[in-house]
Amino acid sequence: MKVTVSRRAHFNAAHRLYRKDWSDEKNNEIFGKCNNPNYHGHNYELIASVTGKIDQETGYVIDIKILKDIIKTEVEDVFDHKNLNLDVPEFKDLNPTAENIVVVIYNKIKVRLGEHLELEVTLYETPRNFVSYSG
Amino acid sequence: MKVTVSRRAHFNAAHRLYRKDWSDEKNNEIFGKCNNPNYHGHNYELIASVTGKIDQETGYVIDIKILKDIIKTEVEDVFDHKNLNLDVPEFKDLNPTAENIVVVIYNKIKVRLGEHLELEVTLYETPRNFVSYSG
Amino acid sequence: MKVTVSRRAHFNAAHRLYRKDWSDEKNNEIFGKCNNPNYHGHNYELIASVTGKIDQETGYVIDIKILKDIIKTEVEDVFDHKNLNLDVPEFKDLNPTAENIVVVIYNKIKVRLGEHLELEVTLYETPRNFVSYSG
Amino acid sequence: MKVTVSRRAHFNAAHRLYRKDWSDEKNNEIFGKCNNPNYHGHNYELIASVTGKIDQETGYVIDIKILKDIIKTEVEDVFDHKNLNLDVPEFKDLNPTAENIVVVIYNKIKVRLGEHLELEVTLYETPRNFVSYSG
Amino acid sequence: MKVTVSRRAHFNAAHRLYRKDWSDEKNNEIFGKCNNPNYHGHNYELIASVTGKIDQETGYVIDIKILKDIIKTEVEDVFDHKNLNLDVPEFKDLNPTAENIVVVIYNKIKVRLGEHLELEVTLYETPRNFVSYSG
Amino acid sequence: MKVTVSRRAHFNAAHRLYRKDWSDEKNNEIFGKCNNPNYHGHNYELIASVTGKIDQETGYVIDIKILKDIIKTEVEDVFDHKNLNLDVPEFKDLNPTAENIVVVIYNKIKVRLGEHLELEVTLYETPRNFVSYSG
């Protein structure tokens, strides 16, 4: 009897899509206006969905306050009001596309959960563009 | 060629998270402010998603008016403007966490559907906290 | 050059609409299912909108962190996860309709703002029902 | 390491649910007010979700501008501000239920994607009624 | 002490923007794709906002069930699942632009309200285009 | 008979709140994490609301395609995927608070409208923080 428990969170960040090892021409061709050298930004919306059995004592799969705290520590405290390229070590050499960000976030939250719990992370870059990853 | 048809509904209810067989201290420790003895409440939003083959005659998996009526009879009529702990028999001895509520709702809707139809229920306790269950 | 700055917040609460000095019949006639003796509840969404001149030094009408803190102290800390009828002194003898709640909230926030600032408060009881008050 | 990339789009269209080979009585019985002979309409919201491996060079599963263009060419240009029954060839003899529309859209987008990419399409007929199909 | 009480409702309808007394060329030039001869359609979302004094007995400006019923009778029952041009008498010779629709709706609701109550109607033609009118 | 016509648009941008003529300490004290030297960013949502009389010929206050184009030229083309501090001349010496941005946008759109039309602009910096200005 597995139930999925989801928590929505958000952070605001600047980023730029480009590869240091590519020419300006190639970066512009592939990443278009997302390659603005002075960065642009987003209100990222995040949904972390944890699947597991209901604990018969508490009626919880996971106390959502615990999930909320994990998201705060692993994601909000380090990504919010930051420049992903310059301020977040994971993206020093990794292009901060939505796809790469959602994998990084998944990995950071997953290690904090018990092994009996599955995880899926959905990340909205804009209300119209979003990605999800479940390992 | 299976398609999933979803219907969104809602109900407003009061509830309190606690176990009668636990001390006040333990209830407070585990359930925090959700254990307020005078109850608190939510606008619960519900999505019932039914999966099956498209009927070649009608072009429907299920007539959404039928699904809407099942949700009304099984969920809205008995949960809306109610106190889940006191007014709804299923929670007389079952802690009305979102996880337990979604399983109860799933079971009530599932028996009303033909056996060839699969069901998933998603329940939003708040816009940021939600759960889902598919049997 | 007046600008309006708005902050959205929320709280979950139980309530019951009724008058102690009316008979059960009259309460049922006027307040219908909102008069459930065991209470029901809502996810209240709140928008506090403050209007004033832009401070030429900071570019702010009001630092939104200050507005956020006022809402937390005056509204969230005292209304969230509470029973409005039983746990909130303002509604001891005042029927907690959306109209009465929004006036109470307006008064609590207004006294915390400088006299040069105007206020409007909008309160969503459900996504389809909401009220607003500006003094 | 498969990630799902989703793009939201929309189109406005008129339609009518009925079968030419049924009597008016039977069409009314089965399709109710959706069978209005003069049509009614919707703001259809569409989510196309593409699943595949992250390209290690670009950090993309699919460039979302490409997905956006496919949706524009295959769906928006031919469905938007149209009468589905009269203006869209696929529905000449196919009842434009949400289920049938989502399958048509899936097929039109799927042939434009590389074979290594999976697709799911979700179609909102109203904010409360929606369908999804993944082949 | 005036409070505004708002109720959200919706209806789905087909329409076409054009003037019978104009040539096809002029209609196309002015109304573009909204002039599709076979119609297109929308999920119209409606907010009716009623302003007045709080009744000291009930705590209501207006019982929202009454407002909900007025909207049902005056708007939903006559506009929902209809073709505005063909099925709704008010638009027989009046171009059903959002502006003209919102004025028609305002007039239909206003006559049903007591004279001491003010009204504003907001009509969403799409999530991105909307109009409002207050007499 | 004045009606208000509103159009919603959006742009993504990076920004930083600070004054060049203040010390780092003062900037940090006043602007907190919004003063991150490497910038952060937002999905700004914009609503431009134009009020005027309905043209009896067309049924329009303003053709919303014209309003959409003005927003595109004046706002989206110059703000989207940009760094407001570095890429937008208006903010070279003006702190890009939401209040200052909304006034700049108002002025840019207002000069493009006929004198008989009134304007209000609402700007969402996040779903919870927004500002509005009407001259």
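As written, the chains take the letters A, B, C, D, E and F, and residue 1 is the first residue of each chain.
What we mean here is this: contacts are C-beta pairs under 8 Å (C-beta built on N, C-alpha and C of every residue); 3 or more make two chains touch, one makes a residue touch a chain.
Here the structure is a predicted model, which is why all the values come from computation and not from measurement.
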Starting at subunit C, fewest touch steps before arriving at subunit F: 1
Subunit E onto subunit F, rotation angle from CA fit, given as a multiple of 5 degrees: 120
Whole-Å gap between the CA centroids of subunit A and subunit F: 28
Centre distance in Å when subunit A and subunit C are each reduced to the mean of their C-alpha atoms: 34
Centre-to-centre distance between subunit D and subunit C (centres being mean Cα positions), rounded to whole Å: 41
Multi-chain contact sites of subunit C, meaning residues that touch two or more partners: 127
Touching residues (chain side subunit A, partner subunit F) in the complex: 10, 12-15, 33-34, 36, 38-43, 80-83, 86-87, 126-127
Of subunit D, residues touching subunit B in the complex: 17, 19, 30, 32, 94-100, 102-103, 127-133
Contact footprint of subunit C on subunit E as seen in their complex: 1-9, 54, 57-61, 63-65
